[in-house]
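Next up is a structure, given as structure tokens.
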Amino acid sequence: MPLDVSATVVRNLDLGHGNFLMDFEAPEAFAAMQPAQFFMIGVPGAEVLLRRPFSVCGLPGTFEDSAPSTVQILYRVLGKGTSLLAGLRPGATVHVLGPLGRGFGAPRRPEAVPVIVAGGIGSAPFPALIARLRGGFHEPIVLYGARTAGELPLLDWFRANASELWVTTEDGSLGQRGLVTDPLAELLARRAARLHVYACGPTPMLKAVARLAVRHEVPCELSLEAPMACGFGVCLGCVVPTREPGSDRIRYERVCVEGPVMAAERLAW
Amino acid sequence: MPLDVSATVVRNLDLGHGNFLMDFEAPEAFAAMQPAQFFMIGVPGAEVLLRRPFSVCGLPGTFEDSAPSTVQILYRVLGKGTSLLAGLRPGATVHVLGPLGRGFGAPRRPEAVPVIVAGGIGSAPFPALIARLRGGFHEPIVLYGARTAGELPLLDWFRANASELWVTTEDGSLGQRGLVTDPLAELLARRAARLHVYACGPTPMLKAVARLAVRHEVPCELSLEAPMACGFGVCLGCVVPTREPGSDRIRYERVCVEGPVMAAERLAW
Amino acid sequence: MVIPDLTVEVGAVRLKNPILTASGTFGYGLEFLPYYDLGELGGLVTKGLSLRPRLGNPPERICETPAGMLNAIGLQNIGVEAFLTEKLPELRRYDTAIVANVFGETEAEYETLCRRLDGAPGLAAIELNVSCPNTEAGGMYFGNDPAALARVTRACRRATRLPLWVKLSPNAADLVGAARAAEEEGADALTLVNTFVGMAVDVERRRPRLANVTGGLSGPAIRPLAVHMTWQVARAVRIPVVGMGGIMTARDALEFLMVGAVAVQVGTANFVRPRAAVEILRDLEAWLAAHAIGSVREVVGSMESTDEGQP
Amino acid sequence: MVIPDLTVEVGAVRLKNPILTASGTFGYGLEFLPYYDLGELGGLVTKGLSLRPRLGNPPERICETPAGMLNAIGLQNIGVEAFLTEKLPELRRYDTAIVANVFGETEAEYETLCRRLDGAPGLAAIELNVSCPNTEAGGMYFGNDPAALARVTRACRRATRLPLWVKLSPNAADLVGAARAAEEEGADALTLVNTFVGMAVDVERRRPRLANVTGGLSGPAIRPLAVHMTWQVARAVRIPVVGMGGIMTARDALEFLMVGAVAVQVGTANFVRPRAAVEILRDLEAWLAAHAIGSVREVVGSMESTDEGQP
């Protein structure tokens, strides 16, 4: 049951390169969110009309230096909405609606090895996911890619919290030069059998991840993005084309309700 | 020559009852402003489109506890624009265009006694005026009225800086019960000859002041209010009907350029 | 402190209060159950229903604009049958007026829809969407041509005994003509406005921001235009008018009521604050009480004004 | 880094860049001298001029609305004679295209105005305001009726050899019809949009916020509507189109250029930031340079799109 609350910003950490980590006071119910569920967040009195969607990044316990009464979002400044967020100081109020949507599921088999594919700011939902997975004794492999080194805001956190981390940049400024799907292809070729893929990032990346996973018949959950007006299923603005398994009939499903996490094979991109 | 600057808020003092005194860093040119000249002030990224007009309240030296590099505005929260201002903290940026309009003039005769008639938040332009008048060895009489005691934000300042102060409230919660025009009528009846009236406040008050002054043939300058889109003479949105002396022909003059200070006898209300 | 009477009558439809929610911004109603009891509303209008389910437009379907948004949903809906079997039985458990918004691609489809809904238990009225700017099927054609609008209204009038509300398009060449045409053919009420045709360009990609190129503009941006049109229409017809367009607060709702609307619909605001409609209702009641106004009906059409000034 | 070529041609009028300032938002131009050299602009359009000076409407004349404003100035102006003797001689010292915006109450007045301006040294073009929504005299009548618009265009065409721009009303029942009528009668260019008729209510006083009751809506709120209309008209006529409506940034200007306008006018933005027009120009130049576009003419009409989607 989503709550609509006025929340106080506790911290709004500038991570550099336009990336910010915001802590805000959260009602207790938020602590039970699934990773990749999201909030619709609005800034009172600001010149944008609609709220903006942001994944939950950290839940109580995820980030050591965050107060246990807070949850975190990680965001990148792109346009007006995110600039407004970046301008907020501790003590400011934000309007937060959540939890919304369906998040990542647990791996179906106990021996599964989760592979996390994170593209740039698309890494946002993964700290919460990793915390959950480790609670269930899954040690995930993290593949973290971006165009350039500055677009890897969670690098340090992944270094400290992922048992295996592969980094790629398109310009070679950090890690392996290339796309994050390169190490994924390698992994899938070597040991597809036990993998369970979780991916979030730009749509072209997700499409490539989905193709690879479907080809290797590996379970694959994607956290999608779409422009959203409401975030709770009533505007029909956020749809993606999907296909029922075994059918060719296309339909439009809502990223905000049936997603943002969808199984790779369901998408009719 | 007006300047359009991004200014830093240095202080935004809550005076209670919805009244605020804001200090912002000012270019040197602002120090030479005439009392009752004004600024058009905007808050970047906010949901109001147009800037809002505010009189200069304090110039360097007017308020002892303000930094000499700042100027002050005194404002009352009415709607969205002023609420946004009230939410700003030191360090925030405001867009400031000024100085605009024509301010109060010096009394024409050296022996003139200035009478200041201030209605509520209409007291804003008077600290700067009083500082100027005293520099010119004029000791003004201040008549300060409002509906109720809470709407007299400059009471302490006037107490400290006016040689003679009369206070009225409509509900009798402070000073004499009644309208600020009551003591004005008394003053004019007793010793109109040497008085020079300066007034700012709600339009009905200004009309009453103008009637009294014109009847007693006392020089009277009114600082007017009008909704303004531009503040520098190009939208023609802020006009008031005026009459050329000795003529019956009505014309519309711009409060932002030909005013905000206008001679009482010029107005064709 | 008086407790104001909030009831209003839209023709034969008695509403417990003048706040309804607008078609396409409220899903099928049930999506709002986490946020409030639907029985608090004066009424709700469903997403536009067609004879058969509709897929709608490909994405991108929406984009934000200054104080507004463009949408080109393409009238995606589950179809009238699924509405009657899956949604209406649930909805009618709530004590509120349920209005079915319908659209067809032909006069005959409109007529069939109205006939199909005619006996439906729990339905308070039918709202004809003759004005959706997104698709020809959505009725641009009907809403824009007073003669076509008259025909479709007449056909629907024959097809149902339910109160018939005609929702006018602000894009109509002759809004007042359209309003009068609908009135003459037996509409019980007029609702307005639907969205204004607009577009936005993604300058980096040099292409329209919406896959459909154009979309319908809604939200506070259109409010001054919608208030004006509501005023024009309310003065031109005798049947009740329900106003909408950019209502975010009780004050905004009062603007529409004062220019002559007997009730209002809340649209885009539902997206921004899921509880918007009931917050507006609560603030409206408080405003009336603070002004010692005994009934909301006293403010309807209460704006003082001479005729439209033309100096 | 390429230095982009900013010159554009609006028919025979060659502009050093595509940024003009819009009538009624730029005074007589000289008011902006404290803020920048008018020679930086592609052109400027004067406040609407009439044969005789006009007093205008009583206050309140303006009010703010979400992302926009309503105005009912009532076409206050100093009259064409004062413009010619007091303003034009000053203005023409600046190297920019000066466009005189005119309006009349009758066809004959329009014609007389054009004849009077015909020989005026330093004037680049005449813009006919046939679309001001505030006053009947302002041209609601002419702009709304393609036949009347055709007649007034024809009369003006005969009266002057200056390039004739016709400024279209977004309130016209048939915008494309009006555009074609003006083109056929010899307009050299079309400019659009003027303001949209709107109104706002002061709910505390229960009266219209503007003394004139209705006013014209301008500002960012109308941009999606204006971009759409500019796109429609640019595709319907062969003469050049100058777009406007809510342009606040270079990106906004690019939207109009990409849908087919060869130049744009900046209106309400001048009130908010006196240097808006030259800031937009500077940002436009930087955007073109950053995208390695050699001439602004390359972006005109460059939006990819199929025909208007209607799924």
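Should a chain be cited, it is by its letter among A, B, C and D, assigned in written order, with residues numbered from 1 in that chain.
In the analysis below, a contact is a pair of C-beta atoms (placed from the backbone, for glycine too) under 8 Å apart; a residue touches a chain by one contact, two chains touch by 3 or more.
Everything numeric here is computed off the predicted structure, so don't read it as measured data.
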Distance from subunit B to subunit A - Cα centre to Cα centre, in angstrom: 54
Separation of mean Cα positions, subunit D and subunit B [Å, integer]: 37
Between subunit C and subunit B, distance of the C-alpha-averaged centres to the nearest whole Å: 46
Residues of subunit A whose C-beta touches two or more other chains: 47
Touching two or more other chains - residue numbers and ranges from subunit D: 56, 58, 66-68, 219-220
Chain-level touch network, classified as line, ring, star, complete or other: ring
All touching chain pairs, where touch follows the definition stated at the start: A-B, A-C, B-D, C-D
Of all residues in subunit D, those that touch subunit C in their complex: 56-58, 65-68, 70, 72, 74, 134-136, 173-174, 196-201, 203, 206-208, 211-214, 217, 219-225, 227-228, 231, 246, 251, 254-255, 258-259, 299, 302-306, 308-311
Residue ranges of subunit D touching subunit B (in the complex, touch as defined): 24-27, 31-32, 34-35, 47, 55-56, 58-64, 66-69, 71, 73, 76, 219-220, 268, 270-275
Subunit A - residues contacting subunit C, complex: 1-2, 4, 42, 47-51, 95, 97, 226-230, 232-241, 250-252
Touching residues (chain side subunit A, partner subunit B) in the complex: 45-47, 80, 83-84, 87, 89
